[in-house]
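Note that chain A is present in both complexes that follow, paired respectively with chain B and with chain C.
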Partner chain A sequence: MAGGRQAGMDDRRRTRPAAHELARYEALFAARTRGMKSSAMREMMALTERPDVISLAGGLPDTSTFAPELYAKLMAQVAAESTARALQYGPTEGMAATVDCIVEVMAQEGTLVDPSEVIVTTGGQQVIDLVCKTLIDPGDVIVAEAPTYPGAVPTFSAYQADVEQIEIDGDGMPIDALESTLDRLHEQGRRPKFIYTIPNFQNPGGVTMSLARRRRLVEVARERELLVLEDNPYGLLRYDGEALPTLYSLDAEAAGRGGSSDLVIYLGTFSKILSPGLRLGWAVAPRPVLEKLNLGKQGADLCSSPVTQMFVAAYFSERDAHGGAGWIDYVQRLRDLYRERRDVMFEALAEHFGEHASWTHPQGGLFIWATLDPRIDTTDLLALARKNEGVAFVPGRAAYVDGRSGASSMRLNFAGVPEAEIREGIRRIGRAMREQLGLLGSLTGAGGPTPGQDHAETGGSEGGAPAEQQPSAADGSAHLADVVALPPACPPLRGVPFRVRRDEAPSARRRRDR
Partner chain B sequence: MAGGRQAGMDDRRRTRPAAHELARYEALFAARTRGMKSSAMREMMALTERPDVISLAGGLPDTSTFAPELYAKLMAQVAAESTARALQYGPTEGMAATVDCIVEVMAQEGTLVDPSEVIVTTGGQQVIDLVCKTLIDPGDVIVAEAPTYPGAVPTFSAYQADVEQIEIDGDGMPIDALESTLDRLHEQGRRPKFIYTIPNFQNPGGVTMSLARRRRLVEVARERELLVLEDNPYGLLRYDGEALPTLYSLDAEAAGRGGSSDLVIYLGTFSKILSPGLRLGWAVAPRPVLEKLNLGKQGADLCSSPVTQMFVAAYFSERDAHGGAGWIDYVQRLRDLYRERRDVMFEALAEHFGEHASWTHPQGGLFIWATLDPRIDTTDLLALARKNEGVAFVPGRAAYVDGRSGASSMRLNFAGVPEAEIREGIRRIGRAMREQLGLLGSLTGAGGPTPGQDHAETGGSEGGAPAEQQPSAADGSAHLADVVALPPACPPLRGVPFRVRRDEAPSARRRRDR
Partner chain C sequence: MTAGRRVAVLKGGRSLERAVSLRSGAQVQEGLQRLGHEVIALDAGERLVPELLEASPDAAFIAMHGREGEDGTVQGLLEAIGLPYTGSGPAACMRCTDKLLAKYLMREAGIPTPGFHALREASIKELGAAAALAPIEADLGFPLVVKPARGGSALGVKFARSSEELPGAMVGAFSYDSTIVLERYVGGRDLAVSVLDAPAAGERAAALPVVEAVPREEGFYDYESRYEIGMTTFVCPAELPPETTARAQELALDVHELLGCHGVARVDLMLEQGSGELWVLETNVVPGMTETSLLPQAADAAGIGFEELVERILASAWTR
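Let's turn to the complex of A and B:
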């Protein structure tokens, strides 16, 4: 599988159907797909096969940290003990040994679960799909965060859901805003089918829901009898601060049902603590919902791969040098690595984005959310950056169901690429950004940006004709922009406990947090 | 992963939600899942983890034929060359190296495909799901065979399709019956979204669509501009007779588009020629449809496992002892093994089902379709057989969307179990069948079945009260029953070219066919 062959493949895939070809099939398409277009995620996935682009776009962990010797050893173990079972179909709900690993991961998250309430899925993505399949009729309401996981947006659209997005701030989803939305929906006689939230190191916002809000969210769900889909892929990838309880465990406590939540559907995955290539995630759900998820999965793919499930089971029986669980040791090594990379990205952003942007300071996970001058549309910027600079990111619009909000923001992955590429990637994006700002400046006659011209000034300027062609960015990222790092002259904001102060070196920060 | 643990898991899973628990969530479920119940396939999957049951139920190949040493070697190769890539996300459409293997398999099927029109999926099942996702709005029509693949039934139901099933005979789907159905639908102003067919060694019927019908089906599709979903998991598993061209290749020829069909969506899988545990299948589709399948897959599971995709790529580069393609050599070994097993099942059926049943004589694939005395409901028989005899099969109703037809038929898998288990399994089912017939006889006062009482007589008898409680079986399996093996006294039927004559020993048959 040479690099050239990959590139060739990529070229072949670029041929899109001609208009007359499309017209022939258009009438046959379901309503759910008729308006569907290739999403930002599709482009991300395609980029993963191209070696010439620095991609800060994917939701990729760094899989080069996994020792090939261990991979070979574990696979040899599966081969020796159970080749025939690994190569065979497995039960739809997952193999018992894999479910036991999931219970172990959940315990590390401080959450006890009943193994009979777990279903193994083909990645966390399948949980989102199956939950929609189970609950969503066209026009049904889902309440989500704004911005939200870009990969959930096309799924919600495919089920023709009506998604209400609640702007998040530095403490995650504000529950008073959620309640206002629920009240408004109630007045319209509408009850959301579920509330979708990523409480830890939100994708793409990077923020974490506070404990007070978690407690209040569970109360609201119980008062109004609403299901919550808790998407928690990164909970164990915390680099600073204290872990917070899962919504699942808080609801189980409130329900008093001995470890089982009755309103929270929990989404977990091995993708970020081990490998996305295994395509293994899971849901923990109230039993009646679990039954439907299982039925949905039967129709979707029968079962998830026993080959990769048995790899996980073998992996979880590994010990570290001190006799502890090997998988926890690996997660700790990922934490140390990703913390360094996050801090390198902070530094690079300060150096190359400085006056023209602000960004969040996540305590964990994979992503930083950066918001640029409101005249910049990051979808256009991505095209420019890819073409001229060979660098990619997720444009902010991908995180909004309307496809218009978040236009001046971007999601940056700091976990999947080495430090040198982070620095170089951010440098390139910064250059593309300044190029575009310069162009905007010359069109409006305002001149390009100058050092010292701060974000507030740039944002406040009237854009004239070219700016009018850009959709407004202000609606999409206002809240988040308020809590992100501002130029040194600005005073620190209150009420943002995790906010990293710009005048503190990353190394000092790390010492304090450990 | 001890057997006991598996059994324990299985016990845990038996706890179903209580009625009051269900009521709480019922209002939240989507219309598509509200009426969904656990399907026969679910039970099949659960059975695969239980060692105490002889299961002739699953769609299982025999994965114990795959050498653990080769498994370990291939995985070590992937580890040495590309651990990081295997463990990472891959492109949604599949890895180029895996697509190349697919093109190679298709060539063996006598079908040239453009690699850019291939998408790698999470098993063949996902193709069915994605095609429905792309094309089916609630109430849309799918035309399928009767009986049809039991695993497609819940998928069609989940998309709320209106499925028209066309009774098959020994030559597969009769195209005149298809045309009558299409005419009737046309009068109602309805155009099917696609025609679903399994032309080779049909699941569950075991019959193969004749070349004349294949040609005519493609003509009809082109005349009426209809899409066809050609499900071909077993094409290469042919034990007797000559291979027939795929519908895809026939349509590509008719379209004159250099190897690309414009109306056939082809479904293939590595499950039956290599391993279902890899969860890798594929679709080849006209480009505008392919685009939508890709979008649907993004929302469903992002990509299929690179771990298993790279295993396939490594496997396909293996050579056999003579320098030929190792994978073809393995398929040849499967053919020899499954042919033997099929013939053992023929013998066991003649011995233990003899006078009370008839069955199809497939030239390939995994399944025999047996039709019993019409007073027997195989769904009830399955419960009895599992409980009293520790043996399982797929009840015929699972192959009908109405859940009522096919009630006296069953699908039997001869490929996945050793010869001794085939003999013992059929013996046990035969015993359960006779027990139930005896019970029916004593209830109606007609006495149990006696040797020499043939199928036609039993079928023609009036069943009285108990028979009335059973749904009619005649509608579901009449056509197939006509072409299956009848007791020795009956003359061979005409127009069934592949029909194996009962008076010919299996070994003689094999000599002739090779």
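Let's turn to the complex of A and C:
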């Protein structure tokens, strides 16, 4: 384009602020934006979203399993039967037909709810946002698990919550540790606004809260009149063992008021049992909270998409070949698929991580949490693995609000990845890990594994039954971080702080703006 | 003088600083368009060279940070296809991007840079270099800084407060480069001096006003804050005694010349607490051009608006 004509376009262009004007923007930004950080780690992870990278980093279900013909048929049905309604705004609380589906899903987990206490949301993520919007003033306390759902971390930060994280073990959040934290807070005159927990197949830990702890958590909440946000996206994706009652149903039982809980806000979603692309989730909440969530949602997006809500309603009326509910049949197929993939990942971990790491043994969900030698920072390992191996995972630090803990752990997704890629991805991560261990061994004079040599080749592991090969995460006796099985060549450096805390690391200031 | 050119803005790439680079590139594009140039925006990927050959611009404006954009790779390619480009040539890029080489050169030239030692990954495995750690620790003391020799992301920069922390810090830094620098930690004030070549060839380059980066909250001054408004306060010109300002600017000009930089460079320094000594840490050959970047701020303080800055950097493509 010619220079002369460019001037005309300039008038419509946002002109760039001169540097000295930047201070003006700074003054305009809300204080909470200071908690909204893009992080170097997240930027690095964005770089892994390339076709040539095997990514075990996603939080994805496998949507390729949904029959295209069915999708086409249902969309056509919505279009043919309800064009005007589908294209119109809907009620903020959600469409009645969709709420009926939600009641059905929750009943499948043995949880009975009153449809009038349900609000349909734009994904489960919106529930976290709306609950914070409703309950959190800057500086208010949220108690969460450690590690916690990485996607909740930026939300908590954006509302300037003060997050207390309770280290989980193989049985989920230890309630005695929760009580100590609550006591300590009480002494400081502080009361958490809510306790955030993912009781089933926790993201990212993969562990499930035991029944005893569920009961005790509900008791504690009732004794102290505290709200609990129960995040349950994966409850129906159980591959082994018996289903456990939801906190919501346990509290409803304790409350004895006709099936409704008065302290648990329940978060559910269609993302993992149907499709995350629909962006449909829900909350079930005590009525006063529900009203505020509704007002908050009006301000946020008025209503969730009627198109996808009607899709869900149409989908739930589908029958399978035997006349049963089609959606349940689909969930069963997902379970079978994900169980196999999980087992493949167990085998691959036994073969390629072997005794150099420990990992959880989830009975459901999408993720395995693996913990390596405490001197390895998985953020750095990701940089190495991305560069040399073309493989990605979520570094453990993403699951901690301080961005520093969990440095030696990683979250691995098995559900959304084909078996061959799981095997290859774990093999590659294992190779990068052994390279770092080898270097550590050389630096400390302790020897170490030979880099680039697969563990299996050394005869150390035959990839047998995974349950026997790694520390049981089900006994509940050890912290996730404690079940690290160090290679004999790399003795644990007990008491050696591995990560330098940022405030004690003066040269964090060394590197600066480009 | 250069109005109405066709300029390819090279941005993005695969380095860890891709996101920043995209933002720098976007700012530069807007500046160039307002100046009346025709802009061809290229996200550096597998087809960069074919795309450049096809577009056949008058010059390339390099807004790629980190590996490939700053280490001489792209500069060498542009020379190979005979396309004028902004900023330093391949040799200067290599000298600046390799912090180790830059530090050796500065030490030889008598420019103050914090004491350091280097280690290569291979030497640890093959030459028993681990045994050199004790003398290195004794020489540099703790805390010490461990960083990859190349690569600009803060992710690889580690700190060790003790011998026990050192192996982990080193393995972390080795994840980003096969050579690492162990450097004496200098505590004090964080300064940056940008150097801009004179519009006409032959005249001496000018040092822009000194910028000081002051962390808003101690402990939050890290990678994120360097790119986000509101996390760090930049003071420009930095409030310094006139002789300190003059010395910092003189050092920056010396480094610019020593390393053979062309067009523009940003030299990072520390003003050591207590001694009041200035120490040169490193030089960036493709300084950031984002809203919060130091170079545009320094230029602004010198009365050079963003467009004039872009125009002057662009002019460096033809004054090599």
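Keep in mind that, in the parts below, the second predicted complex is superposed on the first by the 401 of 514 C-alpha atoms of A that agree within 3 Å, B and C clash if a C-alpha of one lies under 4 Å from a C-alpha of the other, contacts with A are read in each partner's own complex, and residues count from 1 in each chain.
Throughout what follows, contacts are C-beta pairs under 8 Å (C-beta built on N, C-alpha and C of every residue); 3 or more make two chains touch, one makes a residue touch a chain.
Because the structure is a prediction, the values reported are computed rather than measured.
Asker: More residues of chain A in touch with chain C or with chain B?
Answerer: The larger set of chain A residues in touch belongs to B.
Asker: Could you tell me if A:P91 is touching chain B, chain C, both of them or neither one (first, second, both, neither)?
Answerer: first
Asker: With the two complexes superposed on chain A, say which partner A:G189 touches: chain B (first), chain C (second), both, or neither.
Answerer: So A:G189 meets neither chain B nor chain C here.
Asker: Examine A:G139 and indicate which partner it touches, taking first as chain B and second as chain C; both and neither are also allowed.
Answerer: So A:G139 meets neither chain B nor chain C here.
Asker: Touching A:S275 in the superposition: chain B (first), chain C (second), both, neither?
Answerer: first
Asker: Please write out, lowest number first, the residues of chain A touched by both chain B and chain C across the two complexes.
Answerer: The answer is residues 1, 6, 9, 13, 15-17, 22, 25-26, 29, 33, 37-39, 41, 46 of chain A.
Asker: For the complex, give me every residue of chain B touching chain A.
Answerer: 1, 5-6, 8-9, 12-13, 15-17, 21-22, 24-26, 28-33, 36-39, 41-42, 45-46, 48-49, 58-60, 63-64, 66-69, 71-72, 75-76, 78-80, 82-93, 95-97, 99-100, 115-116, 122-123, 125-126, 128-129, 133-137, 140, 151, 154-155, 157-158, 193-194, 225, 227, 262, 274-279, 286-289, 291-292, 294-296, 298-308, 311, 313
Asker: Within the complex, which stretch of chain C touches chain A?
Answerer: Chain C residues touching chain A: 3-4, 14, 16-20, 24, 27, 30-31, 33-34, 36-38, 65, 121, 124-125, 130, 133, 143, 145, 147, 152-161, 164-176, 185, 187, 190, 192, 213, 215-216, 218-224, 226-232, 236, 268, 270, 281, 284, 286-288, 290-294, 296-297, 299-301, 305-306.
Asker: Which part of chain A faces chain C closely enough to touch in the complex?
Answerer: 1-4, 6-7, 9-10, 13, 15-20, 22, 25-26, 29, 33-34, 37-41, 43-44, 46-47, 375-377, 379-381, 383-384, 436, 438-440, 442-445, 493, 496-498, 500, 502-514
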